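Below, subunit A partners subunit B and then partners subunit C, in two separate complexes.
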Partner chain A sequence: MTPLFRIEVRHLARSPLLWLAFALAAALAALEMSWYLPALAGDDLLAYTSSGLLLSGGAVLAGAWLGLRDRVTGAADLVAVTPTAPWRLQRARLGSVAVVAAGVFTVGFAAALAVSAVRGGRGTPDLRLLADGALAVVLGGWVGMAVGWLTGSRMVSVLAAPVWVVVCFLFMAGPSLRGISLSLQYLSPVLNPQDHSAAYGLLPDPLWPHLGYLLGLIVLVGVLLLVLASRGSSQRVPLRSLLVVAVAGLVLVGAGGARLLALPDDLLVLGPDRATWRPVQGESDPQAEALFADPGWSFPADDQARACAGDATVSVCVYPAYGQRLARDMHAAIAPVAGLFAGLPGAPTLVRMVPVGIGSCLDAEAQVPEAWVREPAGRSDQQTRSFYRAVYLDCALGLHPGGSEHLAEAGEAVELWALLASGTMTREALQRMAQHAETDHGSTAASAAALAMAELPPEQVRAELAPVWTRLRAGTLPLAELPGQRP
Partner chain B sequence: MASGTHVRVEGVRKSYGGVAAVADLDLEFGPGITGLLGPNGAGKTTLIRILATLLAPSAGAVRVNGWRASDLRDRVEIRRRLGYLPQDLGLYPRFTVFEFVDYLAVLKELDEPADRHRRVRAALAAVELEDLAGRKIRTLSGGMRRRVGIAQAIVADPQLLLLDEPTTGLDPEQRMRFRQLIAGIGTHRTVVLSTHLVEDVAAVCTRVVVLWQGRVRFMGTPSELRQLADGQVWSSAEDGRGAVSSWRTETGAYRVLGPRPSPAAEPVAPTVEDGYLLVCARSRQDAAA
Partner chain C sequence: MITTLALARFRLRPVRWGWLAVLAAGWFLLTELLAAVPRDPQVGVVVARWAALLLGLGGVVLAAPETDPPREVLRAVPVPRWRTVALRLAGWLLLGTVPVLTLAVRLDGTAGWTAADLVRGALPNFLLATAAGFLAANLTSVLGGGAAAMAVMVGLDTAGRAWPTWFPVQLRSVPGAPHWQASRVWIVAVSLALVTVALLLEARAGLPRRRRPTARPSPASQARARP
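This part shows the complex of A and B:
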């Protein structure tokens, strides 16, 4: 480390622009993390996306300020008459921007993971996200330096940061070019992966090619700034070495960019075997929709949901990244409902977390999409418990979870009875439903039938349901044949 | 102790859009303090910037100890021996005084930290800023900033020190101390000092160059400049009509520079300023002719 580098690092580390961006990024990350269940393998992505864009914008501003510092302060002459080669000065400044920018991102990333761990997050964070975010922030800083140094304009430098953020955002949100299947979104310096699983990672995973692409861009910007700085100076930058580095940068950008463009917008994970994963270009895939609508399809066993909690009636298994506590919470929510249907055919004995975007039921297993569980944003604890119970009930009553079908009236009545018997719904609420017009939960008749069933002990209801259970699940059982109904 | 530097300015001309800022300059600077005097626009700053290797002359050459300023490699050697205080001094406002001088010292290839810090402290002490070493530059007054500029110029013990209007913004006491400082440096080093303050030149310079519209109108010692006005300065009860300059002094009498204003006028010992004013007046007359 040269003294020049050390001094520049010291000063850049005190840059209010960078720390302002850090504060904004930290606030955004904290807000986003509060919307999701803690998981180190998941919060790493939140930390990356929420702080990457803001911090790279801050780095653009801080870099631009450094780039135009000599000109704006009028110290350019003092610096120019020193014997230090301009490219060496530039190199020290580039180095300082790189170290400070990467350092600030690392601090933010580590802090986010620490908060996640304290909140109970588990799993293995993807450190490639740390590297990728750090490179994106460094690239922002160097681009900012180039803008400030080449234009010498405060106005342009101030505008450079929002322009950078907007350009990144446009790329991130940019649709694929359907006709030629190019995914431009991955060319953004900061990625915005839509699908992520604690067990399967990013879907699709653009990180390795993106790391190469970013590294190549950084190299090219750095080489450009060094070459320009050495103009008109006898102390020339070692051009041959720089040429080699520039060619390496071009190769990285070209190879990484090509691989990124070839990535699909989305990836359907149809099982643990990667060979079954299906690329999706654009917003929807009719084949995938048809597949998910098929009640006979479910996600194959993958041995990934290994954090389990349960009893003799039902077990709940989630990915270990969410911790045993989530499994216990889910089981605590489901157990009162599951106990009502214990032993009935088709009633799930296992609730398992799966990485696909839609729930399904197969045999005695209810599959809960990881994304549904991970993002309880806006749901109260009561609503969350109701949600878990609803997933169980859908499967128990023969409905495809999240599907568009509705339960028949008898099914609705049993669902309402189960909600009442498990304490999810109060008798008063059900009575109101029985007296009023149809609601989301069922017709007045179904509500009345549920109230009648609730007059009986649960064990008796279960015993009386057993002979008609298959017809109930098939949707062919009339209300009158439910337990407790008077002829 | 390092010796002074020999600077040769050979037929230097610098034009901006066809207008010559300096023209046909042939000068030599050696150890000692040379003052560049001249009215605004005389070309003092242009010459200083050419000497500082910041400006390339349109014609002619500048050599410092034989190194040519036009040669890219030689230019680095010149810069290794150079201390420069520009007229429009720019500093980094977020740096402290110490950090800024230290930063410039690093750029001047003082790499060894202990030695560099010792030199920085010495330079700050020389301009009486050691107590303000930890102050942010943005909080300093104009005079204090000027002293920071002087400190950075002398921190690497330069053999050639170029000072453009160094005393601007300094109070009388600070100017006195600055003169002492420069006088000390000038005993071993080559110092070129551009100023419009004749008393600074009279106080510390061993040589004076008077520039007028980019050309040298006088070159010599301050005494020689003063002697130009011998027999041209009078104390008179009357305002000197047609005089080079005339002003009323605190005694009520007029001090007249030029021909004897009246038979009753008494001769007065000239000053360097009188000599300078006379050179300027003659230059103006020549230009008019």
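This part shows the complex of A and C:
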């Protein structure tokens, strides 16, 4: 048994089919990770989703080749007359596929985490994702073996891999299926969780039931292959033990599958207390949208954003998984404009990362959703810094961050003045805007007003803004009453 | 005329055309069914376009060594074997194009895609997968060719996502996107290049090997020439 197992492991470890899939999965994972800020508690999920599906497809091909090998090489007759029982041979092969497939996924997962750590990712990776991905790849390999063994067709074996990936993909797209309210997406061998927070994990968390479900499926496929291998042979597989194992597999699949189907599509985290988390089935929850639209709502203090950077004017706190470097970068972008509004009522003194999908401003605290910060895909560094400043300025000038309202003209003028006075926008750029209103930053009049304000020292502008600040934030202040405007 | 027909039959016969016809018909039925499942019609179009890539994998059996076991014997006959595989490729392209076109007509208007757009979106994908599988299977086997063709697809898709502005082959491009027309042309061009390479390799493999002339006569022949 052991030498046979070792020989099969050595064969499979050299399988170009598996390593081809590994190379593609590594490229895809690298691409996905390059789009996100590094965080070990987050990149683990990217490594799992981007490489799990491809490696699983590669394992189907490698397993199918193993299932076909004896027939293709003409060794089937020779194998049939060896004293080793066919089911023992099959067991060795199943074991080798399991070891190699799980090993390849582990190598990919570990490499992705190492890259993330080198890029500055922090936090604790969820090792259940490693176990789940490894089981999914093993399942792919065993399904491939079953296809190759049962069909004996090279063409069917080739088609099995993409069909496997398509089936997984269709399960992943479960929530958008017509007329079905069950959470079918969790029945896919490889999960594709939509919501994840570095502080709160997967929302909802399907991993424990999914592990049981996958383990059950693997057991059932393994039992099927062993029974098929012993068919027609005088050396029968111990049926009683296999029956017990098969029943255990069925129980795992049934229990895990039932728990997965009962999970909500989404879980809305409304506070640190789990009792406040609200399940969402379907695409949107009107109650949640109404709550987010309420300017009086903000995410409660949860003591999760503990990586902070700041000065006397403003502090920025993010989840430790993103590292203090992110907090310092955000603070460096925000500090120049924050200094201009220091001490004015409503101007934020704290910018805090929250797990919900919408920002809020309350009690001098600007809340920035984790997802907005985590995904800088397609944004340049300059755009990212502008985004951080916009979160602060929206709060300071009385806007609901991410909301659909726009600043009044006076608010636009003050925003442009702040960008100019903090050195983040040049006078020439603002003059061009004043002449042409070439961007959606503000109207021509607001640009001209900002230029007039910039003629005065910043301290004077701040002092003159203080008496009209409340009206400015309420959007009722006319442009003519801003500092530096001629009657 | 009879000889030509007989030759064509001889060239086509090793490929299981019945099996491929079942594959094409089954592909059409299954894809039409799956494209109607998602609530978002756009997802249905995505399914149809990716399914066209999947259908292209059928091209791996045309030139794979397993299809013609006595390959070396076939290469030694006076009629070049590249014509055989070219004829099979033409047959498969005809067979595979029919369900793609039919599906495009059936899905006309889905998510704003006209039948012409669907043809432009799916047919080059089918051609690319066929060409990649055709070349790779000619060099390796059915399984190796299929795996290589899939790897090419995933690799091109990943590259297209990594460099959306300049990488010419954009498998996910949609009508109205800046690279829509150009990417379709590039996909067809790459496919034709792959097919040409495959046929050239086959043509070179079929040439009789010439013995390299030796600079000096061998000692054995000299010995025989001596009186």
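Keep in mind that, in the parts below, the second predicted complex is superposed on the first by the 477 of 487 C-alpha atoms of A that agree within 3 Å, B and C clash if a C-alpha of one lies under 4 Å from a C-alpha of the other, contacts with A are read in each partner's own complex, and residues count from 1 in each chain.
One rule holds for everything that comes next: a contact is a pair of C-beta atoms (placed from the backbone, for glycine too) under 8 Å apart; a residue touches a chain by one contact, two chains touch by 3 or more.
Everything numeric in this text was worked out from a predicted model, so none of it was measured.
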item: Side-by-side fit of subunit B and subunit C on subunit A, or clash; value: fit
item: From subunit A, separation angle of subunit B and subunit C (C-alpha centres, steps of 10 degrees); value: 40
item: Contacts of A:Val81 with subunit B and subunit C, given as first, second, both or neither; value: first
item: Partner chain in contact with A:His11 - subunit B first, subunit C second, else both or neither; value: first
item: Touching partner for A:Gln235 - first (subunit B), second (subunit C), both, neither; value: first
item: Contacts of A:Leu31 with subunit B and subunit C, given as first, second, both or neither; value: second
item: Touched partner set for A:Gln287, first subunit B, second subunit C, both or neither; value: neither
item: First (subunit B), second (subunit C), both or neither touched by A:Leu54; value: second
item: Shortest CA-CA distance between subunit B and subunit C [superposed frame, angstrom]; value: 12
item: Subunit B and subunit C contact sites that coincide on subunit A, given as residue numbers; value: none
item: Subunit C partner contacts - residues on subunit A that touch it in the complex; value: 16-17, 20-21, 23-24, 27-28, 31, 54, 57-58, 61, 64-65, 68, 154-155, 157-159, 161-163, 166, 170, 173, 176-178
item: Residue ranges of subunit B touching subunit A (in the complex, touch as defined); value: 49, 52-54, 71-73, 75-77, 79-80, 82, 84, 86, 88-95, 99, 102-104, 106-109, 111, 113, 116, 149, 152
item: Residues on subunit A engaged by subunit B in the complex (per definition of touch); value: 2-4, 7, 11, 14, 69-70, 73-85, 89, 232-235
item: Residue numbers on subunit C that touch subunit A, as the complex places them; value: 19, 23, 34, 37-40, 43, 47, 50-51, 53-54, 57-58, 60-61, 64, 66, 141-148, 150-151, 154-155, 158, 161-162
